[in-house]
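See structure below.
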Amino acid sequence: MTDSSSQAPRMAAEQNTHFPKTAQEAIGQVVLANRILGNEGILDALGHVSVRNPENANTFFQARSISPFEATRDDILEIDLDGNVVTQTTMRPYGERIIHGAILKARPEMNAVFHGHFAAVIPFSVTNTPIRPITHVGSFLYQGVPIYDDYEPGGGMLIRTKEEGARIAKHLGQHRVHLLRGHGCDIVAEDLPRLVASAVYLRDNATVQWQIFVSGEEPKYLSAEEARAAMEIGFFGAGAIDRMWGYWVARVKRSMPDMKD
Amino acid sequence: MTDSSSQAPRMAAEQNTHFPKTAQEAIGQVVLANRILGNEGILDALGHVSVRNPENANTFFQARSISPFEATRDDILEIDLDGNVVTQTTMRPYGERIIHGAILKARPEMNAVFHGHFAAVIPFSVTNTPIRPITHVGSFLYQGVPIYDDYEPGGGMLIRTKEEGARIAKHLGQHRVHLLRGHGCDIVAEDLPRLVASAVYLRDNATVQWQIFVSGEEPKYLSAEEARAAMEIGFFGAGAIDRMWGYWVARVKRSMPDMKD
Amino acid sequence: MTDSSSQAPRMAAEQNTHFPKTAQEAIGQVVLANRILGNEGILDALGHVSVRNPENANTFFQARSISPFEATRDDILEIDLDGNVVTQTTMRPYGERIIHGAILKARPEMNAVFHGHFAAVIPFSVTNTPIRPITHVGSFLYQGVPIYDDYEPGGGMLIRTKEEGARIAKHLGQHRVHLLRGHGCDIVAEDLPRLVASAVYLRDNATVQWQIFVSGEEPKYLSAEEARAAMEIGFFGAGAIDRMWGYWVARVKRSMPDMKD
Amino acid sequence: MTDSSSQAPRMAAEQNTHFPKTAQEAIGQVVLANRILGNEGILDALGHVSVRNPENANTFFQARSISPFEATRDDILEIDLDGNVVTQTTMRPYGERIIHGAILKARPEMNAVFHGHFAAVIPFSVTNTPIRPITHVGSFLYQGVPIYDDYEPGGGMLIRTKEEGARIAKHLGQHRVHLLRGHGCDIVAEDLPRLVASAVYLRDNATVQWQIFVSGEEPKYLSAEEARAAMEIGFFGAGAIDRMWGYWVARVKRSMPDMKD
């Protein structure tokens, strides 16, 4: 039997993408991403996720101001990259949707954005310990995780103005992840499955890295070469991404059997 | 589309309160608060929560001596601020209801009290490490968290006399939270949703603060200005509180689908 | 309204016991204790619990060699204090039932024994850090927690001979808890509700004590006077014990709604 | 009553094995092992488990490229020891099945292999702290846990060539467990119940060992004599293995009541 899996080529966008072709598919996928992130404990009541509209690169889809765990298709708003709600509705959007628009504007090659506050990243956001890849599933972190600390005075550490959105996008630059000091993190990815994978394994990498850090031991991190190869061949390969997304969807269906789409 | 969310004013009690208008609503809300605190693992068999009677500022509602997880509407007692049970019943009240009455008497601007023992606060209660805000959702802690250690000799570290209740209220003073050495914490808030949010994020802030503390690193805490703004604009804003309460209620309904009100 | 709860007298065995009057009640209670300990994560597949036969002080009830989580009334064996199975059955008993018999023989005032390996006690069993009461719910530990390390050579660290059972009972002495080096702990109590409470809060006290220990801070422990009063008035008082047992039973019923008695 | 349990002889393969006699039984057992490892949180979307074919020592059974949590009988492939899929199918195998074949080829006395990445082993894989037995249920680790760090350059730290498979098997040698630097671990055992037990208690031993390590205390480990006896008489004895496997199966059935075989 031919074994294509051991000959996996480097990631090529055309064959490897999980970014949908239609708006309807994107809406369905962002509903699932919301529930997955709630179900896996990555987001609680707060934090949010978005996906670019495949039919209009200048808008994105995101839940109204509701906990991700509860989101259904009826809760998804279309929003432009400046944060204006396009959907005709009285539903309230997230105040920090500005982050999503600003990053999607600055990163045309990317299609999905995460903003959240899970505990594992917090120690790194308030100390001088940089997050680095400990294992192959942390490989996507190899280009570094800078810390944003240029908040609007009096703004409550929330990102809600276009000006601060632009600063956030500029600070993220070409990274996949940055931290917001005393607040949380933003993540960007090619598509929602890779975004959710990034959030889950950022948590796992940060958790174990801090456990090692408190011991005083200096771990052997992945080298940049190891990490890039691990990301391209393994972690972000279509096989692994399909397996992870399938797993998270199966878990959501098991824990929320009654929830409508 | 107009975006009111990015123009959120400072918290104004008249528009922002989640304190109910009627006794019946308050009873329903305190039942939910009990179940939420059990479901989120903030309270186990021990600990309790109360809400002032909106129709009589001199009484409050609280479950009988039962685990919060199990409380139903039929288990709620009306108790006066000295700890006397007003409800005509043979049901047994919590011995430490005295804490709730004493604090509600001393803080007329507040309407909800929590007393519990969750593990995250214990290290801070027996060492000299003060709890401070690490993130925006710990912002409500910015005025400090003092430690009570003036127990009645021979009283088993329980607060069950009017005299000690008065000492507890005096020690809490104008703070939102204080710790009881080797015992747990008391929390006071404007309403039950803000009280539950305070308990959940006190846990999260204390957990991550201790994880940082054991590393020997000195974190960058929120400044008092940052914290006050974060609390007023973000964490305690109506939008965030609605989202959090909705989330916790949705989780209770999912885990206890059969439980009567 | 009269408030008997604030006048709670010191624990008096005759009014405060939760040790049943009949063998049938004791069997039902030990089934519940098995399920509770499994459901609360105190025991996994290994470890066991027993209760003295109220109708014959020289025998006790214990599940056959099965995980506590799965035990039903049909799985309970009657065993004498030397470890002989009295029940006419081919069902296999636990090898370490010898621990239970030996302790019940040496402690006629006690009626329930626990043996388990939960992770929280292990660090204390292999280092020189004594477990001490950090909070009021750890108060029952105030007389100290010695470490047994006198294993039968070649016995695999299991306690399965009468001689070693006697050494175990002698080492426990008048303590409520001792540790077995590199193995786990034994606990003895007046009745199964107090035994389960001791296991749960030994876990919680040990967990938080170790978290403090790794920080290098010296906590303020409960004094012996504080601890004895906290145990007698609060933690082991009938009100608290009823509330805890009711809570654990309610949780078992919720997570195993279909399980027969 | 005769008590055979206290006279348990040293493990003898002929009476003590849990390796099935037929291919159909082995397939059913590997489905259960997959679900157990998912249900116990030992494997998430990634990682895999295999069992030798009892009817052909040169092939093994393993799920197709799917999360272990989701595996059913229809997902099990037969694969030869060089990694060629024998089953007539278009289903995709795991890329790292090469690990399983290589180890089963090198260890004819063993019949089951695990490869996974659970967090507890990671700190030991990137520092110089060797895993050692802390308790009797970590006894199977007494011969040491070496760290593999001889990855194919540019291979993304995945083991997918026959050459690297051979290096992995050689590095594992006669050990039961080795770590892969910055990646995870491989485990080998006589049968699937002993393999699952090894994975679960490797996690528990590593977790508590790291908690002790960060304190700076030097624990008293099991001596080699203690550990070998504890493994042979206790942990890997038929009684304990039956009890553990029964427990994990009961938990799977409880959490996945609807899942077909």
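Should a chain be cited, it is by its letter among A, B, C and D, assigned in written order, with residues numbered from 1 in that chain.
Please note the rule applied: contacts are C-beta pairs under 8 Å (C-beta built on N, C-alpha and C of every residue); 3 or more make two chains touch, one makes a residue touch a chain.
This one's a predicted model, so the numbers in the text were calculated from it and none came from an experiment.
Participant: Spelling it out: a chain qualifies if it touches chain C and also touches chain D; which chains qualify?
Facilitator: Intersection of chain C and chain D contact lists gives nothing.
Participant: Taking shared residue numbers divided by all residue numbers at the interface, is the value for chain A and chain B over half (same) or under half (different)?
Facilitator: Under half of the interface numbering overlaps between copies: different.
Participant: Provide the C-alpha centroid distance between chain A and chain C, rounded to the nearest whole angstrom.
Facilitator: 46
Participant: With chain centres defined as C-alpha means, what is the inter-centre distance between chain A and chain D in Å?
Facilitator: Centre-to-centre distance between chain A and chain D: 32 Å.
Participant: Give me the residues of chain D that touch two or more other chains.
Facilitator: In chain D, the residues touching two or more other chains are 214.
Participant: Which of line, ring, star, complete or other matches the graph of chains that touch?
Facilitator: ring
Participant: What pairs of chains are touching here?
Facilitator: A-B, A-D, B-C, C-D
Participant: Report the residues of chain B in contact with chain A in the complex, numbered from low to high.
Facilitator: Listed in rising order, the residues are 1, 3-6, 8, 133-137, 139, 204, 207-208, 211-212, 214-215, 217-222, 225-226, 229-234, 239-240, 242-244, 246-248, 250-251, 254.
Participant: Where on chain C is chain D touching in the complex?
Facilitator: Against chain D, chain C makes touches at 44-46, 65-67, 69-70, 83-86, 92-95, 98, 117, 119, 122-123, 125-129, 151, 153-158, 160-161, 181-184, 210, 213-214, 256.
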